[in-house]
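You will see subunit A twice below: alongside subunit B first, and alongside subunit C after that.
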Partner chain A sequence: MLTRPHPVLIGFACLVFFFLLAPLVIIIGASVSDTSFLTFPPQGLTLHWYENIFEVSAFKRTMVTSFILAVTGTSLSLIVGIPAAYALNRYRVQLPSFLSTVFVLPILVPEIVLGFSLMKTVTTAMGFPIFVSLVIGHALLVLPYCVRVVSAALSSFDFSIEEAAVSLGCPRWKAFFIIVLPNVRAGVIAAFILALITSINDVSISLFLTGPGISTLPIQLLAHMEQFFDPTIASVSVLLMLVTVGVMAVVELTLGLTFLTK
Partner chain B sequence: MTVSLTLSGITAHYGTTKVLEDLSLHVAEGELVSLLGASGCGKTTTLRLVAGFLRPTAGSIHLGDRDLTRLPAHARDIGLVFQNYALFPHLSIRDNVAFGLKQRGIGSAARAKQANEMLERVGLNALADRTPDALSGGQKQRVALARALVIDPPLLMFDEPLSNLDAKLRVEMRVEIRRLQRDNGRTALYVTHDQEEAFSISDRVAIMNAGRILQLDVPEVLYSKPANAFVANFVGFENIISLRAVGEVDDCLTAEMAGGAILKLPKERYEQPGQEFLFATRPDGLLVNRLGDGIPARLGLRTYLGRAYQYRCETAAGEIIANGPLSDPLEPGTDAFLIPQHDQCAVLPVES
Partner chain C sequence: MTFRQPGWLLVLPATLAVAMFLGIPVFDTFSTTFTDSTGFLSNYEKFFASRFRRAVLWRTTEIALITMIASLLIGFATAYVVSRAPKKLKSLLIIIAVFPLLTGVVVRSFAWLVILGKNGILNQILLSVGVIAEPLSMLYTEGAVIVAMVYLFVPLMILTIVGVLEGIPEDLLQASASLGATPFATFWQVVFPLAMPGLIVGAVLVFTGSFTSYATPQLLGGEQQMMMGTFLRQRAMVTFDWTGASTIAAIMTVVTIIIVLAMGRVARRLNPAAV
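Moving on, here comes the complex of A and B:
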């Protein structure tokens, strides 16, 4: 039989939910306010600020940049991360244990430090174009997610299955694609989504790597806020939120959200 | 096509640790040889070397007249059955069985037909469209067996295939494995740590320890005439007593053990391996009796085995385990004699 939770516990839980959800409610409210500045509760009701997103060309442009950057950076990161996760699991016994830590370093190092050092090496010293620098920076930023999530999927993969395929006449490179990958597909998709969201939301790395002519949506938001402080910021935030909720809904319907948190 | 498997002078290392040393083994055409030993003895390493998952640091592996030593694993054409079945979780049972055929470029219609025939032989054609997670352990191992057999390999290998099954199913499955291997006249290498399993299924058994084969023979010989103390102990000769030959009486050798007791060993059963030698017995090989011509002992802890009582006995040569009849239970502390039952005893050379 379930006992009723203590009233204090219920109250505490309500507070947690309040602080989790209140900012979202405020942003949604502020985004429909018929004023030229951010305010809550909203005064009047308008969808003008949503129109404004698509009228300000900088928002359109940076949205596209952010999306292309996230897909390219995440793809690059997976191309590096999947083989890395495979090797870390397959040769766990033979490989030195610090190697798996190396791949989480981008999470452990403060992002400001990572952004600054990337600017110094990739942009200044190596002289890569801005977009290439951004792709490298974002690939690095999301690499820990890719390696960890794919690793988690591989940790329950039985490598004797791969050996069975090889013993039946399948070369090892082919066994990787037709036996290993299909069995960690869920992990790869989860890693892709997590990495995509991380990349689209990133500020600190992009802050150092964006430059003349190329910016990302979060950076553009910051710039816009400094200049105008109008409800467009709130409407863009709501839009980003909706995209995230949409992605999560697709994940939940197709794979179940549980493996993002596994 | 039946061929023999020959390993010559195989040495293997994990990093700098030597795991196999100068191991040679010949499995004749159509023969099933088991590698038997505790974990870490090198039996699985040997199998993985033949499969091509590991490379030897020295020596060669031949299947018939084909040199496998440098051949990549996927080109070796060996049917392998794993302890944990290793079925492909994302494929149907039929596709699991047909996998090896697909790798050999056989068309989909012929593939399905052969896979269905093989599934029928292991009694699982009704489950062909399921995925592996819907099957029981025994059924999975049958699928694994079908998958290995369908590619018609000249060599079958088994890596502890029954360890994950319950006791009753183990006995059933080992009969089935033996039947399928015999029917096809296939050469087979079988790895297990279970003595009963190895003895019941094999033509010959190799008992391994520390990367070496200590004795390779038919089960009957291993069971009654172990070649050394390790093998003796492994097949249940729990008592190993040092003896010194002193002469002959009638048709018996006489030998003295520590404490001065004299044992008579019928010459028709034993060949004396030297002046100093070892006398190995199972607990059943020494009968506990109040009187008689045997090793004097003081009885210790008594346990009930169902068919006999077992005693831990104090003797001048140390602790000895011996069995006594149910009709005459003796109390701890009683002085008694341990009378050798020669069909459960063996003599061994002293190890250098």
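Moving on, here comes the complex of A and C:
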């Protein structure tokens, strides 16, 4: 039987959880306040600030950009990341060990440094269009998540099943799609979701890569906050939280959230 | 080993992508800092000669260290309680910890803008209780940045440490108790050493995360509390001093890599069984 922690410790933990949630509740409260400035507790009750999200064209536009960018970047990252993760597990003995660290590099280099460097090289020197640079930056940002999460799923996959298919005459590429991929489906979904969220929330990379006419939602939010202090920011934040809730529901249904502590 | 093996072909696209879009740009950033006409290291000499720049570097290190220590203490205590909770409650608590983690940095920093502002909730509460007569200016102070950063990183710390604590076999704790150890002794002599690798992983994540952060110092620290991230952005996009910005970028990267490697070494020494 587990020994119960000291009551003081339990009280402390309750306080911590209160502080984790309170700021988010405050944002929700501020988003329905019938005032032209941010305040809590809300005075009056209105959904005007939610309508305002869709009236401010910059929010509408950047929301679409952020979403397309996240899906494109994540998909690209998975397209190069899944084969890499597969090879790192399947041909582990034949590949030099430094290769697995290559895909951790985007973590070792601070995001803001990567964003700045990409702006200098890819946008300015090579003259890539802004959206292409953003896609490259976001794909790189999420590559470590993709490779590691898919790798983790593959590490418990029994490759002899694949060998069996191949020895029975199934072509190698077909064996990969009908045997390997369905078996690590959960890992691929998890990688996709984690990457999507990371990309949508990213500030440090987009900071340097957004340009005239093209911005992402977090960058637009930062810019808006520096000029205005109205509850629209709060309502956009609540909308983003709803997206998070949706994502968490998907994770819970497919993998179980305890997956995230592993 | 030949390059015709399928393994190579499969890792090639990802490796090329990292080499082209991470390797080359970052190498380029670093190399421009060494090409000053007055000397190989003169950009770094300039950086460290400036009182203002030294202050930014020192402030960033200080904030990152305080954030790391506070997150470790809060995260460990909370994770310990979570890991001992009954199964249902434990899943609920983990959900509560994951939620802020998946909510963006901008949204979470913004919340503290609402709390700590001149007309913010904290000032309202303090005024109505009568502790203060005039609203305090809490924004754009080091304290505001630290509070928001701790808020940012505590969930990450809780999840990392819960993961490690869950991995400690129940038998060990029972053995310790049945041999007469008090719960306190069991904690310090069994749980704590076994949790050490997790604590170090969490500490590295929090230190490097806060050392290189941008949105939080930008919103809550402003110009007054410039950190390396906000300073880099200011040099690059406001004054267009790309060499200066590159020097800041290089220093940030070197500090990050040193911390990651050093802590990895400490973790291995403390627990040789861990990879």
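Note that the second predicted complex is superposed on the first by the 250 of 262 C-alpha atoms of A that agree within 3 Å, B and C clash if a C-alpha of one lies under 4 Å from a C-alpha of the other, contacts with A are read in each partner's own complex, and residues count from 1 in each chain.
Keep in mind that, in the parts below, contacts are C-beta pairs under 8 Å (C-beta built on N, C-alpha and C of every residue); 3 or more make two chains touch, one makes a residue touch a chain.
These numbers were taken from a predicted model, which means no experiment stands behind them.
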item: Fit-or-clash call for subunit B and subunit C when the two complexes are aligned on subunit A; value: fit
item: Partner chain in contact with A:169 - subunit B first, subunit C second, else both or neither; value: first
item: Which superposed partner A:34 touches (first subunit B, second subunit C, both, neither); value: neither
item: Superposed model, subunit A: greater residue contact from subunit B or subunit C; value: C
item: Which superposed partner A:160 touches (first subunit B, second subunit C, both, neither); value: first
item: First (subunit B), second (subunit C), both or neither touched by A:183; value: first
item: Which superposed partner A:197 touches (first subunit B, second subunit C, both, neither); value: second
item: C-alpha centroid angle, subunit C to subunit B via subunit A, nearest 10°; value: 90
item: Least Cα gap, in Å, left between subunit B and subunit C after the two complexes are fitted on chain A; value: 5
item: Contacts on subunit A seen with subunit B and repeated with subunit C across the two complexes; value: 94, 172
item: In the complex with subunit C, residue positions of subunit A that touch it; value: 2-6, 9-10, 12-13, 16-17, 19-21, 23-24, 26-27, 30, 37-40, 79-81, 83-84, 86-88, 90-91, 94-95, 99, 102-103, 105-106, 108-114, 116-122, 136-137, 139-140, 143, 147, 172, 197, 200-201, 203-204, 207-208, 218, 221-222, 225, 233-234, 237, 240-241, 244-245, 247-248, 252, 257-258, 260-262
item: Contacting residues of subunit C [partner subunit A, same complex]; value: 1, 5-8, 10-11, 13-15, 17-18, 21-26, 28-29, 74, 77-78, 80-82, 84, 91, 93-100, 102-108, 110-115, 117, 119, 121, 151, 154-155, 158-159, 162-163, 166, 170, 173, 177, 183, 208, 211-215, 218-219, 229, 232-233, 236-237, 242, 245-246, 249, 252-253, 256-257, 260
item: Complex contact set, residues of subunit A against subunit B; value: 94, 158, 160-161, 163-172, 179, 182-183
item: Contact footprint of subunit A on subunit B as seen in their complex; value: 15, 51-53, 72-80, 82-84, 86-90, 99-100, 103-104, 144, 147-148, 151
